[in-house]
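Common to both upcoming complexes is subunit A, partnered first by subunit B, then by subunit C.
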Partner chain A sequence: MLFSRRGTLERVEAAQASRRDSAWSALGTGEKASLIAMAAIVLLALIGPTLMPYSPIIPSGPQLAPPLSSGHVLGTDVLGMDMATRLVAGMQRSLLAAVVVTAVSAALGTLIGVLAGFRGGWLDSALMRFTDLFLAFPAMIIAMAVAAAIGQSLGSAMIGIIVVWWPLYARLVRGEVRRVVALPHVQAARVSGVRGWRLLWRHVVPAVMPTVVVTASLDIGAVVMTLAALSFIGLGTPAPAPELGRMASDGMKYFLNAWWIAVLPSVTIGLLAFVFNYAGDALRVVLRRTGV
Partner chain B sequence: MLSFVGKRLGSLVVVLFFLTLLVFTLGKVADSDPVRTYVGVNASVEAVEAAREELGLDDPIPVQFASFVGGAVQGDFGVSLASKRPISDELSTRLPATLELAGWALTLTVLIGVSLASLYSRPGRIGAVLRFVFFSAASAPSFLIAMLSVLVFYKWLGGMLPAAGRSSYGPYDDGTGFYVIDGILHASPTYTWDAIQHLLLPALAASVGAGVALARVLADGISSSLSSPWARTARALGEREGTIVRRHALRNASSPALSLLAVQAGFMVSSLVVVEQVFSWNGLGSYLSSAIGVGDFPAIAAVCLILGAVYVVLNTLVDVALAAVDPRVRLS
Partner chain C sequence: MADTTVLTVSDLTVTYRGRGRVVTAVSDVSLTIDAGRCLGLVGESGSGKSTIGAAVQGIIPADGVAEATGSIVIAGRELAPITDPAWTQVRGSDVTSVFQDPMRSLDPTMTIGRMLNRYTGSAEASVAALERVQIRRAGEVLKKYPHQLSGGMRQRVMIALALAPGPRLLIADEPTTALDVSVQAEVLGVLRESIEDAGCAVLFVTHDLGVARHMCDDIAVMKDGVVVEAGPAEDVIGRPSDPYTQRLMASRITLETDRSRPVGAPERAVVASMEDVLRGLDRPALDVTGAWSDGALTWEAFTGPTAAVGAASGHPEVRLVEHVTRASLAVNEVNKTYSTRARGRRVDNHVLKDVSFEIGYREAVALVGESGSGKSTLLRIAGGIETADTGTVDAQGVAGEGTQVVFQDAGASLTPWRTVEELLRERIEHTITGRGLSRAQMRAMALSTLELVGLDASVLAARPTQLSGGQQQRVAIARAVVVPPSVLLCDEPTSALDVSVACSVLNLINLLRHSLGISIMFVTHDLAAARLIADRVLVMTGGEIVETVPAERLAQDITTDYGRRLVDAVLA
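Presenting the complex of A and B:
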């Protein structure tokens, strides 16, 4: 050995730190801005609802007050509930739901993909047939059917989306596992007697995870949009729950005279999707540069 | 090629079968009780029994599934729990409405995609601004685009374009259900133009997102084609840049664009459902959302099956078309 373990570790850490710096500086202005915007929106969604002076589900002012009214920056809705408060609460709801949906789909897909790719044989072909069947289904329609069968709530919309989202991860992970298993370090581990779960857990899964995490971070924006669409057509929790899609579709009845009650929730959804789509791309660049 | 088509047709049948099985199963495990929805909460025991019999709920499950499949193949989806009328009556007027809108939306998608593609890869600051604008448009939910277009073209521009419905005159009695075609068949320019005006905003709202996605794929394909050796050869032979893009690069980029279009057609189904609701368009989408509102699962199942079948068949057609164009697809 040329240098001590400690020295190696320091060198690796220094190299990682410098790569991290260069990754950040390699980002364009827009990408940096999108990452900062994403951080701001996550922060707003997490702590915003507690900072708001009103309740999102109790009327707190005159009905249909336009934006910039005193005490209600973004106006009030048909029942006199504060729009700003409801929008921030809705953001929190949307984001939490999207993160849960993405995480569960990714976990489920990873489990199936790892099983199929690592075990191979009949299990592989059976699981992949099953996955392909779900990939061939029209995703949005199945999500609607599943959610409609369970009932009108955010939870059922979430389940509907998970049902159609996991196959993407299963396919992706299965391909990655088959690639990783053939890599020299896994072969070396196998030759030195590492088998079964230990090989899988110590050598294969860690190599697959970065791809899964990057894909998941890119997916959040799409899941936010899909949830909003389901909620808009009535597959979400009914009012007064602060759900952005539902707020937009309920507001449609009045929107020619009071545009804000329908347009503002829609803009909020668009903003969430935009920031997460953009930041997801930036995140992918960062992760690729740092070589995780 | 023939064996490829055969294989794709085989998997089409399998997917359609499992799609039907899934929708049927969902109907069985659905949260709401179909009989209660059908006869109402206060119905007598006898009425409930009679309704069970009428809806065929006393039969064993496999028999129910067989008659569900048999009916679906013939276009019979049973009785709506809400209106108590055959669902197929409702579908026969609404399917043309949705197909007409979808056709226009797809056409607009291609128009938007092709016309924006060259703007997408523009270098410099203008290009960056354009990409930012496109990215925002692609992230906007279709109902936001729908609302904004109604505010602009209906409210602020004093009713320049209509904001609801399919026609100011209603359908022709002997019509096809496709209003623009009906207008042309009856040689009525007023009717045709009116139908087109009603179509423009909903079709636009359903196609912006897909159009931008298409533009992005086309732009990627074009820019990679332009740096290829054969583009250099064309340049060396004195072809102008515009000709190279139109004659060579666009064609090479169209294969991935075609497969993207099939994917986008699937997404478009969901934006159509949303957009129909905004524009009170009497198609399958608004039927679906009203059925969701009253828990009418047989109607929901029928719409999902029809839209799902359209999607699956469309995908098969695109696969076959791709294989016909590109021999590599057949072998993979």
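Presenting the complex of A and C:
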């Protein structure tokens, strides 16, 4: 009952402050931990490679040294390259690629979804049938086909994933836009005389963005996995670049006598996916509190 | 049995704790209800009345968020509030309840018969139970699902269900608020008769003093978690001693309320608006508060000229005019049909059938009708939100610019992430008057309009979610009139508000109407509010305007069946 009577500026500011506090305090311990873990991973991926004493692509020690060897905490691989260095570098690569893929897919999908949902009519039908076309085929197969067609490189794997990823956003955003357009505040803005792009930009899109941001943050984990899967089957970065999926796949050959070469990259992929999923959930709680 | 005490609440205090704040919802409340008596718990939102209603049923969850002290004795059995494990035995047998929204409290997957038979034991007994709540053809109703019944029928079923276990205490929490006004009186009648038959004690939670007087033997008025006044209904209603109760009583509007004067007790925000208007008109300042409380203040005092705008009047500049002959809104033979597909077949719903009417310059017209009568569609077409299939709407008028709409849910009609200043500026930018104005000029315009609706400059920077319901409605009105429209369309602007806030919004609309010379179309199902604002009342049924009645003699002249039911609803 903070505003039972005429609100003053002080009261309004107090409310803003308390909303910010409450967003954090509304989170559970696990959610807080996941956000902190996400921050730590991002930091590690950003500055980690420069702190590492070795190069990720030049052999720097004995071959197949097990974890906890002197000078090589996580051991070395077949060629004697430091595992810890390669994992951190691989994390940076994976995350960067995943963020780019997610951002491009989200932007593309949002654009198409907004157009379809806001304009409606034939444009809506056309865009949505086009979207359905992509959704009709198994995502992984299309991604593989696209990546294989363009050639083996990180870029082509990313393009392959973007091709299958944007339709999800287009569908999601179209639905959201249609819901928001029917809300009273948009009708009221229409009555005020606001039309077209301005209506869309000022009164509709801000209501859709939290959903897109939350979905994107949840998706980063899934994209990391998909990228790893593509390079696992040989469609990603060519060796010897440090790529987690590739490293796991190459390590399979030595699994029985050097388990760490395959297991450590796999665990890293799992960790990335888990933390980003969990943090995405936490982010949703925060955005629900502060947003629409 | 007749005078045994069924419910005793002593020193009940309930606090909610959440996010570092502790809110005392109820503090030190004591109540008793005897068998066969009905106690009305009256208050505005946030007064704690519903918390008490929930506490005596033990339905406040024991999850540590709420804490309570004090004791509750139901039919001789003492229970600790919230935490007592015995609540599960009491609830549903000794204590039952009728909630606000029957659709949400009836199980949608069960037939009425299946729900009712659990308590009555047999289909015959269930038929008898339904007949007791005046449901005809009870045998058929038993086979139906909740969604197949009307709102009034559902609430009757709910009453039958609540009374079936033979409770000692019945809690009725706003049992008619969610129903169409015209069936409220019937349902209240049914409720009163059936609880008299059952002989149980009743705790009746409501925000409406009129309903409480109609239903209850005793009344307790609550404010901020405290009972401010309690006693026999006639005393509390007839001779209220507490200033808050007096204010609540004064805010009540009936079909006899004087239309030419502001209603309710003088309120600071409205008084400020009035003084503002007088200054703007260069009229001599007068003691508005004094005149208002003496009953000497009439709307005549605020009548001012209207801004006539270029496009409509043919002159390039905005001019002030005293009189216009052209109608402000002309609706001509408007038809609207919605088509839906059900099982592959096209179903046409003819919502508006050749509707024609005019609203003259400075005239206010109210449109009443039950849900589904097409009144909201008509408003949306008049406001340009939807287009008619055939027919024309001419809202050019001569004075003011086009039409503006004040929506029922003001909070939802304001874009939550834009500041009040942005919302108002946006409206100004999109008008002929506002074209070419600088930011500072627009800000000044916004500011003076906010003052007109009783808000100050600090609101400019606020976002709608930081404002109270009453403030939001004022902002919505400010946006609608910042550039005066030819017609202001109001879609039940007061139905979501507390009585005292509703009262000040009605005063505000009346003030704006007189001072800015705006015509008004007021859609509502509250006949008393309609009469207060409007000169004429149009009654709509089945997509047609069936009756036009002058507001002054509404209660006497209204003849249609629906209209009469509305009149009864106000008198209840």
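The rule is short, and it goes like this: the second predicted complex is superposed on the first by the 276 of 292 C-alpha atoms of A that agree within 3 Å, B and C clash if a C-alpha of one lies under 4 Å from a C-alpha of the other, contacts with A are read in each partner's own complex, and residues count from 1 in each chain.
One rule holds for everything that comes next: a residue touches a chain if its C-beta (ideal position, glycine included) is under 8 Å from a C-beta of that chain, and two chains touch if they have at least 3 such contacts.
Because the structure is predicted, anything quoted here is derived from the model rather than measured.
Asks: Just checking: does A:I233 make contact with subunit B only, subunit C only, both, or neither of them? Give me first, second, both or neither.
Replies: A:I233 sits against subunit B, while subunit C stays out of touch.
Asks: Kindly classify A:I150 by the partners it touches after superposition: subunit B alone (first), subunit C alone (second), both, or neither?
Replies: A:I150 contacts subunit B only, not subunit C.
Asks: Output check: A:G61 vs subunit B and subunit C. Expected answer is one of first, second, both, neither. What do you get?
Replies: Touch status of A:G61: no partner.
Asks: Of the partners subunit B and subunit C, which touch A:P49 in the superposed model: first, second, both, neither?
Replies: neither
Asks: Looking at A:G160 after the superposition, I want to know if it touches subunit B, subunit C, both of them or none. Which is it: first, second, both, neither?
Replies: The answer is neither, since A:G160 touches no partner chain.
Asks: First (subunit B), second (subunit C), both or neither: which does A:L183 touch?
Replies: Touch status of A:L183: second partner only.
Asks: Mind pulling up the subunit A residues that touch subunit B in the complex?
Replies: Going by the criterion above, the answer is residues 30, 133, 136-142, 144-146, 148-152, 221, 225-226, 228-229, 232-235, 248-249, 252, 255-256, 259, 262-263, 266-267, 269-270, 273-274, 277-278.
Asks: Mind pulling up the subunit B residues that touch subunit A in the complex?
Replies: Answer in residue numbers: 11, 14-15, 18-19, 22-23, 26-27, 29-32, 128, 132, 135-136, 138-144, 147-148, 150-151, 154-155, 266-267, 269-271, 273-274, 277-278, 285, 288-289, 292-293, 297, 300-301, 304, 307-308, 311-312, 315.
Asks: Contact residues on subunit A for subunit C in the complex?
Replies: 1, 3-9, 12, 15-16, 18, 21-22, 25-26, 183-194, 202-203, 206-207, 291-292
Asks: Would you tell me which residues of subunit C are touching subunit A in their complex?
Replies: 19-21, 23, 46, 269, 383-385, 403-405, 407, 409, 412-418, 423, 426-427, 429-431, 454-456, 458-459, 461-462, 466-468, 471, 476, 479
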